[in-house]
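Submitted below is the structure of interest, expressed as structure tokens.
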Amino acid sequence: MTPSNNTNNRSSERRYTLTISCPDRAGIIAAVSGFIAQHGGFIVEASYHTDQESQRFFMRQEIRADSLPFDVSEFSSRFSGVAQTFGMTWQISDSARRKRLVLLVSKQDHCLDDLLYRWRSGELQADIPCVISNHEDLRSFVEWHGIPFHYVNIPSNNEPAKVAAFAEIARLYDTACGDVMVLARFMQILPLDLCGRYAGRIINIHHSFLPSFAGARPYHQAFQRGVKLIGATCHYASAELDAGPIIEQDTVRIDHGDSVVDMVRYGRDIEKTVLARGLRYHVEDRVLICGNKTIVFK
Amino acid sequence: MTPSNNTNNRSSERRYTLTISCPDRAGIIAAVSGFIAQHGGFIVEASYHTDQESQRFFMRQEIRADSLPFDVSEFSSRFSGVAQTFGMTWQISDSARRKRLVLLVSKQDHCLDDLLYRWRSGELQADIPCVISNHEDLRSFVEWHGIPFHYVNIPSNNEPAKVAAFAEIARLYDTACGDVMVLARFMQILPLDLCGRYAGRIINIHHSFLPSFAGARPYHQAFQRGVKLIGATCHYASAELDAGPIIEQDTVRIDHGDSVVDMVRYGRDIEKTVLARGLRYHVEDRVLICGNKTIVFK
Amino acid sequence: MTPSNNTNNRSSERRYTLTISCPDRAGIIAAVSGFIAQHGGFIVEASYHTDQESQRFFMRQEIRADSLPFDVSEFSSRFSGVAQTFGMTWQISDSARRKRLVLLVSKQDHCLDDLLYRWRSGELQADIPCVISNHEDLRSFVEWHGIPFHYVNIPSNNEPAKVAAFAEIARLYDTACGDVMVLARFMQILPLDLCGRYAGRIINIHHSFLPSFAGARPYHQAFQRGVKLIGATCHYASAELDAGPIIEQDTVRIDHGDSVVDMVRYGRDIEKTVLARGLRYHVEDRVLICGNKTIVFK
Amino acid sequence: MTPSNNTNNRSSERRYTLTISCPDRAGIIAAVSGFIAQHGGFIVEASYHTDQESQRFFMRQEIRADSLPFDVSEFSSRFSGVAQTFGMTWQISDSARRKRLVLLVSKQDHCLDDLLYRWRSGELQADIPCVISNHEDLRSFVEWHGIPFHYVNIPSNNEPAKVAAFAEIARLYDTACGDVMVLARFMQILPLDLCGRYAGRIINIHHSFLPSFAGARPYHQAFQRGVKLIGATCHYASAELDAGPIIEQDTVRIDHGDSVVDMVRYGRDIEKTVLARGLRYHVEDRVLICGNKTIVFK
């Protein structure tokens, strides 16, 4: 299936997105925007932030591709002088080169259904080279979309087999040239080496308002505590479980009449919305990581 | 100052409010509503809930006072038969007998300002016999309302003096015939014996979305964790700090640009709203405690 | 496709739902709950409301089917005496008899995708005998679910052909024994006679916060007015366009940076959520119509 | 009363705020940030927007005052060259020169109470030279704050006397050197000449989610229509009633159980919050008017 071409977001025309972080000082914006202006570049969106603790400056600029006389590779070599002067960590991406999302799922399919809908309607401007699962349940739905579905058995009690399974997942991800690994209610804890190897490229949806109710069965935990709102958190996976940099969160009101089953139902709606928003920010290079926090230039 | 008489909530006519909990079984509603109907009672609001874990039934009924041929004392003696049959824990209150709120504050006054406004505008249908504080700062504002202000020094490093201070607070509360002790950003940890003696009658506002960020400086904790929403929690004080039954919560969105100072500012608005809502539910006998949770019949 | 049997809402056990409206007076609750108790009926959820303007009383009660010694037909004949005494308009439904939803769609499929997902996951406890559309675009997706898809051409400039098309739609709906006609972004104005014939059984989702921006292109209207929130409204279709009784609404924040295209994207998420909630309330007999308003017993 | 000096928002250090609008083209950001950098200026916050319809560019920059070697007057004369090149409409403000807010109230005081609290706590960084009212009711509360209170009688049936009353209000505003006239539930329709003379400087709070329910008694209108959310709108007053550029809006959920009186109560909380937010944006020069819409750089 070829996703629809209707361009339903701000990024419908081709754009280069430049993201930068460096020590804060006067003159950074002038230097960067001066460089862009000097080549006729037309900035369509610009955002800035200074992190007070680290005194680091973060910026993101979207430039109309057709306003510049060169491509991202040429941009990169010319910009390196400015970058060096300010000690910048930076990257530039081209909207014409769509990011490749590898989705990992288990049996619950509300996030998968939501992401595949956004993909086939053209809202999620990215490619999905494959879906990986430790169950066969969702094969038919995924394949209806024309997307390859890989089954990888993850035995729960056999450590060496588990290690092999995750090695296979990593191999499939690498073979698919994945840019982002999306844990769309994958329900498995990723091994540390994967979290390290793909740091900042694994996005998880946790079904609680972190840091409350990390770990297993968060809706049961929420029910026991008697909270009046439940939530969901989209975050980068890191070595510590459910403790990585948070990209997006939201909450929804419940009351004493809601059982755990009701919470699970409300939760599905908020999980898929929060994951979709967080993933969109990542795909559009709107998320910059700063220590264990994120800057999200919406 | 006499608070205004404009009646701006549902309870403007005189009502009796009957709240009940008992083991769940068929026929409870019929028995209670039958008893009320038999005396011509006109029910204006009725709510029910069964707690699945404990298999206990909870109900609340508001009855128009003028529809019954007797007062709450007579109601009580006549109703005791029904109550005994079902093993009910129950109480009946008369809206003509306004609850008495004793407010405890420190230096921060946003919740105090909010509650006093709701009181003097007639929205909060309760009496405020006095305000107690460990600082003199808010005396003038409280006294402008014609409400007595009691200063009680609470030394931080002198345990016996602290014990005496809290004994004085309890004495002032008892002398004022308080029904509820409201910790309106009191910033002091209540001693265990007070929490026990006034269980279910001490309402606190905590400036986080519990169970996240219990204890001191929750906005600093939230800032460090990089959450994307902050919240506030209104709960009954209990022996364990910030762990009592939750009455009401809410959250508000923040982003990477918000410092701790910004969070404190956003937080004030949500703290005062959440406290006002929770307190209102309590004053209107809408909150029933079930273990460490609450049933709130809105 | 057989939708999953996992029971993920409150109504997982078989229940009878009794909904009543009648002139308000003392004793109604006692009479109804007395009747139920007399036959051993176990009430699991009960809600009441008095409309002050019309002085009508509305109630809804869910009863465990296995607690009563008879079925809904027997219930009906026995209850008719009580009903007559109070001049009740009433009905009783059996959760074992699932409602039949006929979905009408055009080309936009976000609401369709959402409803079919909720159906196949077992969350939406109803049957979908068919989907009707004036375009062929969504046939493949619908048929993948094993649901019949009927194409009905609706020519825009030919009035007699249009009349015939809607007659065909009505025929398909009747043949399918539809209980509810769901306009899931159908983008066609229903003829008056259909609105009249199926009053209270046609549910529409309008992509604005009514009464603002009724009629065509509401997001363009919202953009022109410069509002800071956009919304969606689920309502019963009536003779006047976008003016029927409102079941559910919600809003989402936008800002000056959002184009009409961005609003359409945000709007999709809120439209499908609001429609799903409103439809759920209807399917569970939680919505009672009172003049041009609704009472929704959540 | 001197409002507290605790600096509880982002603008605690002295800043210059530069706001600009001009025809869009490449190089604007470079020219402005180049000018600022050339004088050592340290930009602490920068925001941009292009209005697609008018093809106009809008920007706002906050600069640390101590980073520039001159004051706003010197800045103005030096910057005029850049401004002329790009055909800019622009202004620069100095946070050390606090804006002067003249509040107009009637009898309802929830917005007044809220604004005075924010002022005396130091959150609202502006001066309030006086409060004007057509009733004496709120004199004592205003004067307790040490703020002059002016009573101006506005007779309802005497047109010449009404004209004279508004002339007196304008005179008081001018004498107080007002920067903004805040209609904090003033309940009077301003004459056209005032709306024209102070265009972009009169801020109103309307108690509905505009454009729904403009004009009188919006909560009654909302009740009649049976909406499921009510709202409030902060906007600039213009010649057409309740139709000026919208600065901020919000909504709150209600249900069938809420009477008009309940809506009024919920409404108070949302009105004061929306007005406080909108006013804050204006005071911090975050609002730029573009036709009948606003750009709000939060």
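Order of writing sets the chain letters: A, B, C and D. Residues in each chain are counted from 1.
Criterion: a contact is a pair of C-beta atoms (placed from the backbone, for glycine too) under 8 Å apart; a residue touches a chain by one contact, two chains touch by 3 or more.
Please read these numbers as outputs of a predicted model, since none were measured by experiment.
Visitor: Is the contact between copies chain A and chain D built from the same residues on both sides or from different ones, judged by whether over half of the numbers are shared?
Guide: Answer same: the two copies use largely identical residue numbers here.
Visitor: Which chain's centre, taken as the mean of its Cα atoms, is farthest from the centre of chain B?
Guide: For chain B, the chain whose C-alpha mean is farthest off is A.
Visitor: What is the distance, in whole Å, between the centres of chain A and chain B, each centre taken as the mean of its C-alpha atoms?
Guide: 42
Visitor: How far is the middle of chain A from the middle of chain C, if each middle is the mean of its Cα atoms, in Å?
Guide: 36
Visitor: What positions in chain C touch 2 or more of the other chains?
Guide: Counting only residues that touch two or more other chains, chain C contributes 259.
Visitor: Could you classify the connectivity of these chains, where an edge means two chains touch, as line, ring, star, complete or other?
Guide: Chain contacts: complete, every pair touches.
Visitor: Taking the touch rule as given, give the residues of chain B at its contact with chain C in the complex, in rising order.
Guide: Result: residues 26-27, 29-31, 33-34, 36-38, 40-46, 48, 50, 67 of chain B touch chain C.
Visitor: Note which residues of chain C are touching chain A in the complex, please.
Guide: The contact residues of chain C facing chain A are 7-10, 12, 109-110, 113, 117, 121, 123, 144, 259, 261-262, 264-265, 268-269, 273.
Visitor: Give every residue of chain B touching chain A within the complex, in rising order.
Guide: It comes out as residues 49, 51-52, 209-213, 225-229, 231, 245-251, 255-257, 259, 290, 292-296, 298.
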